[in-house]
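Paired with subunit B in one complex and with subunit C in the other, subunit A is shared by the two complexes that follow.
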Partner chain A sequence: MLDAPLSFWLDQTINGVVIGNIYALIAIGLALIFGVANLVNFAHGSVFMIGAYAGWVCITRLHWPLPAAMLTAATLSAIVGVLIERIGLRGLYDKARIAPLLATIGISFTLDQIVQLIFTATPQGFPAPLPEQRIPLGTVSIGLLDVLIAAITVGAALALFGFLRFTRLGWALRAAAQDREAAQQMGVDTDRANMLAFAVASALGGVAGVLVGMYFNSVYTSMSFQATIKGFVANLLGGLGSVSGAILGGILLGLIESYGVALFGASYRNLFSYAMLVLVLVFLPQGLFGARRALPPEPLTGTFVPSGGRVRLPRAMMALTIGAALVPLLSDNPYLLQTLSSAFLFALLALSVTLVTGMAGQTSLGQAGFMAIGGYASALLVMRVGVPFELALLLAALSAALVGSLLMTPVFRLRSQYMAIATLGVGEIVNQVILNWDAVTGGALGLSRIPPPTFLGAPIIAPRDVYWATLVLLVAGGLLAWRMAEAHLGRTWRAIRDDEVAARAFGVNLARYKWLAFLASGFIAGLSGAFTAHTYSYINHETFAVNTSILALTMVILGGMGNLAGAVLGALALTAAPELLRAVADYRYLLYGLVLVLLIRFRPQGLLGTL
Partner chain B sequence: MSAQPLLKLEHINTFYGAVQAHFDLNLHVNAGEIVCLLGGNASGKSTTMKVILGLVKPHSGHVYFDGQDITGQPTPRIVRLGIASVPEARRIFPAMTVRENLLMGAYTRSDRAGIQHDLAEVLELFPRLRERLHHPGGVLSGGEQQMLAMARALMSRPRLICMDEPTMGLSPLFVERVLELIARINRQRGVTIFMVEQNAAMALQIAHRGYVLRNGRIVLEDQAQALLHNPAVREAYLGGADVL
Partner chain C sequence: MSVAESTLLEAHALHREFGGVVAVRDVSFAVRRGEVVSIIGPNGAGKTTLFNLLTGLDRPDAGRIWFCGHEITALSPERRAALGMARTFQHGRAFGNLTVLENVLLGAHLRQALTAPDSTPLSALRELGAAILKPPAYADEQRRLRHRAFALLQRFGERLTPRAHQPAYTLSYANRRRTEMARALALQPTLLLLDEPTAGMNPTETAEVLDFLKTLKAEGLTLLLIEHKLGLVMELSDRVIVMDNGVVIAEGAPESVRRDPRVVEAYLGHTHWGTPSSESLP
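Then we have the complex of A and B:
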């Protein structure tokens, strides 16, 4: 590849710059919102996707000219952006930053699902309404669309720069970004400033959506999350909140991806962005160009743990466990038992989140990565090495604990929303490595025909047996977590959660205790992943994806942060309930998203209260 | 003195969660006065400022500005009525230039010519700022930032300026200059000034009247000269030790 002709590399450069321009357009919006609201807006990708669909409808269905379609997409996206700010975020600005971040994740789930319900998940073809003319440029050529993309990005960037630098409203935005309260004392209506920032950012995002749709000739709902990540990485590279940095960061990311894909193959594309996400966040928090300042300071408490009445039910727990064990004797409906089994495995994952996030205060959006390590380790040990399942399960959980907590080590120094984003990155890196490590993991094909779990050599296949096995695992995990929570270890974790600086002043070795939290949580999540792999019999790099991590965190918030019984309750409520109420099963992510937004807004202490 | 005070706080009770910060607080500032609110740490001084500016809503009681009830109104609206603020720790916009900071002070105004005129005038009053007009606010020294904060407050053509500890963290030389400027703003431009200070001895020298706040209650109210010579005040605030 390296001896390819120069024109090949020039082509890659042009591709990279064009894609980079689109990333820049997304990143500018994220930077604007971050600057004004000090918030990483995870719903930005959804706005981008809505813009793409709006453009697609205007062009392919209504046959409108391109400028009209662009304008419609921008307007609709701006409206959605304003609604996001108004409904989802206002009222959360004085909370720990992780709260509005989670709210935007919930909004993103909701919006994505709504679009999917309207247009189905099938990608829609999007022919670019531009002549197929290419402009020759020496040995290479540039398409009209490439020129249009570059022109729109540069134009938008210049207009935004002028607006921020030379208009009264632009000054108000900058003032609000630098010091919200002081801006109010100058007479700036900061709520309106926020709304304006969201409107402008979202309009740019919507335009980027239309451009991406035309560039790749298709629109699809899952483009949303990738756009958020790419935009965020571009923003991070250029220095969070810096509009000019976002442009450089976007183009740089586009080039890195383009060259990387040329050298290693298309499946590596996302690995670069996730790797950069974690590396830049941890080692270069001010970005590549911003020498000025590090990440804005976060409050001392690491996470979003509101105080709230705790509901105690130790006796009830025992009774419920015994009751749960008796369920298969009362009903052998396989559907019911399977649903509950899968809910128990989710509850185990939720327990792992409770340990690390609820107790130790380290908001983790990477728990699915632990599950993936556990699942792959166990399946590979049984299939390739011939280890009996019972031993493989234990070894897999240990590997998830060790490898996972080691991977998380670099993020220990981060706080609050940066911690959450970096853990998300680590979780996805695990999946990207699985995707690209063909020799061991089977790559994109995944692992199929994984043998079922066994107990003393006898396979666990019957729904009733699976049910009991998962219940035993859940109880074991719960007891382990409970032991740690009640011990010195749990108290130290809670001290770190409530005030990291104070905990350190009392001699607590923060890194060690955070590592222990991820170790314990990795073990429990690994157990869940390993058992899941053997019951599914087929897994690939998307089985344990970021949605699973987010869902697990939602369960924990629903049940009450740090509350073990709450984690189980949250898992049952969010997995078993929608499944049993068949009617809402199709709207599952809509439900998850709404639950997350409403909880953070109205009952942040969850159902059973924070512990 | 006019019959109606420019600023009046009536029966204010303020809470932070379960902690009460003000107990039936009453005070008033007449037009043209410099009134100084004295008090030690955690006496409720800064909270008083926040209540006036609408940054903290009192649990009960009323704030009147020029006879109009402004209790609990949004801060931007209160500012538009003619109250400017020199916030605690100055709160300069660090990434905006000195000029942009000053123009932010005139954010509520739309008379371009008037703004330009006032800009020239405050630069006259604070010549140091003219030299640094195109530097970011964040690189200014503490004293310069204090000048900028006061100049910024003047840019809105306020009737009342609320100053929260304008001499905090300044060198003794600067303290004197800042207080002298405050007196000048009051005298030459007729701007009413309500200031919160820990530095009682200095503040009382330029003030007309003063209040002493202790644990959220007004415990003393008098003419500035009388307070300056009041043995109780002397002991508590002028002896150097912040015991209250």
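Then we have the complex of A and C:
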């Protein structure tokens, strides 16, 4: 590949710059919002996707001219952005930074699902309404769309620069970004400044959506999450919150991806962004061009831990839970049993999250990565090595614990929202490695025909057997977590969560206890992943994705941070309940998103309270 | 530089600045074993910065620190804690979601056999194993620590014992400060650093704290405290260090410091802002 002709590399460069321009357009919006609200807006990708669909409707259905479609997309996106700020975030600015971050994740779930309900999940073809003319430039050529993309990005950046620099409103925005309270006292309406930032950022995001739709000739709902990640990485490369840095970062990311794909293959594209996400956050938090400034300071207690709200489980509910264990004696409805089995596996994952996030305060959005390691390890051990399932399950959980916690060590030094994003990156890196490590993992094909779990050699296939097995696993995981929670370890974790500085002053070695938390958490998540793999019989690199991690965290927040019973309750409430109420099953992610947003806003202690 | 046998803590030429603003300038002093030393000075004098340098939460730009005969300038806070240094915080930093008893138990973190601050993966795994399996030695140790923690709570009379199992965030401000003090004592420190132990307390509560600190002094514990209430400082301290603008401007026995004109000007001048006589320039 390295001996390819120069024109090949020139083409890659042009590709990279064009894609980079789009990333830049997304990143500018994220930077603007980060600057004003000190918030990583995970709903930005959804706004981008809504813009893409708006443009698609205008062009392919209404046959409007391109400028009108762009304008409509920008306007609609701006309105959505303003609504996000007004409804989802306005009340959260004085909370720990992780709170609005999680709220935007919830909003993003909700918006994505709404769009999916309207347009279905199938990608829609999006022919660019531009002549297929290419402008020759020596040995290479540039398409009209490429020029348009570059022009719009540059134009938008210049307009934004002028607006921030030369208008009163722009000054107000910058003042609010620098010091919210001081700006307020000088008469700046910071609420309006926030709203304005969201409107402008979202309009740019919407335009970027239309451009991406035309560039790749399709629009689809899952483009939302990737857009957020790419935009965030671009923003990070350029220095969080810096608009000019966002442009450079976007183009740089585009080039890295383009060259990387040329050298290693298309399946590596996302690996680069996730690797950069983690590496830059950990080692270059001020970005490539930023002044030597650390990440903006976080409040000293770096986690999202509201005090109190502790509720003792009513005895009736305990009885109900134990009663639930007897379900198979009363009913052998396979649908009911399967639903509960999968809820138990989720509860196990939620337990793993409550150890590391609820107790130790290290917000993890990478738990699905632990599951993936467990799932693949167990399946491979049984299929390739011939290890009996019972032993493979244990070994898989141990590998998830060891490998997973080792991968997480670089993020120990990060706090709050940065920790959350970096763990998300680590979880996705696991999946990207699985995707690209063909020889071992089967690559994009995944692993199929994984044998079912066994107990003493007898396969566990009947729904009733699976039910009992998952219940036993959940109880075992729960006991393990409980033993640690009520030992000195639980106390030490909770102290770290409440106040790292004070904990250090009493001799607590933070790295050691964070590692132990991720180790224990990885073990339990690995158990869940391993068992899941054998009951699914087919897994691939998308089986254990970010959504699963986010869902698990939502369960923990719902149940109450650090509250073991709460984690199980949260898992049952969010997986079994919608399944059993068939009417809402289709709106599942809408429900998850709403639950997350409402919890963060109104009851951050969750149902059973923080322990 | 040799450290005299009876010297417990020695700071030499400590310097710390934040973006050009000097918070601590060339500060040197020593604390002997069993001594009670108070640092006083107006707000912004650099007292808390000095505390942070001593306990390792912040690093000096220049200067060195010795404690118990070891140079600790580059040691982490957890290592200094392991050497026997405990502190309370200016604005109170009890662990909000831990109960009062758990707060004190956390103070005894280093009194557990398996929690040495120099960590290896193996020692961490041993600790994890003990926490899960709870072998008899571990259970005994935890029981002993609980007894001791409870005994520490009892030293505060009826203030903390009835609330031993309440989370700290439910406590009154004064009780949170008491919890912090009990937590610091649980470390079994050789040096206790107290950052404004009576801030926000009424006269009765302040008198109670004074009595308590006198008891600690009588037991031979070395105390270094930052305090604004001069009555308490004069009654308790063997020696007083006065800081202003990051510099030590006077040091000596309480009576002599009280009469030092530089102190009257710098410190009392600030507290009696309205009296013209004390604001004369040198």
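Here are some notes:
Note that the second predicted complex is superposed on the first by the 600 of 611 C-alpha atoms of A that agree within 3 Å, B and C clash if a C-alpha of one lies under 4 Å from a C-alpha of the other, contacts with A are read in each partner's own complex, and residues count from 1 in each chain.
Note that contacts are C-beta pairs under 8 Å (C-beta built on N, C-alpha and C of every residue); 3 or more make two chains touch, one makes a residue touch a chain.
Keep in mind it's a predicted model, so treat the numbers as computed, not measured.
Touching more residues of subunit A than its counterpart among subunit B and subunit C is C. Within the superposed three-chain model, A:D179 lies in touch with subunit B and out of touch with subunit C [touch as defined at top].
Contacts of A:F506 after superposition: subunit C is touched, whereas subunit B is not reached.
In the superposition on chain A, A:R168 makes contact with subunit B only, not with subunit C. After overlaying the two complexes on the shared chain, residue contacts for A:W515 are found with subunit C alone; subunit B is out of touch. Contacts of A:D94 after superposition on the shared chain: neither subunit B nor subunit C is touched. In the overlay built on the shared chain, the residue A:E132 is in contact with neither subunit B nor subunit C.
Of the residues of subunit A, not a single one touches subunit B in one of the two structures and subunit C in the other.
On subunit C, the positions that touch subunit A within their shared complex are 55, 57, 76-78, 81-82, 86-87, 89, 93-98, 102, 105-107, 109-110, 112, 115, 117, 119, 121, 124, 127-128, 130-132, 134, 142, 167, 169-170, 183, 187. Of all the residues in subunit B, the ones that touch subunit A in their complex are 53, 55, 74-76, 79-80, 84-85, 87, 91-96, 100, 103-105, 107-108, 152, 156.
For subunit A in complex with subunit B, the residues that touch the partner chain are 168, 171-172, 174-175, 178-179, 181-190. Residue ranges on subunit A touching subunit C, taken from their complex, read 305, 307-308, 310, 480, 483-484, 487-489, 491-492, 494-495, 497-499, 501-509, 511-512, 515-516, 519-520, 562, 610-611.
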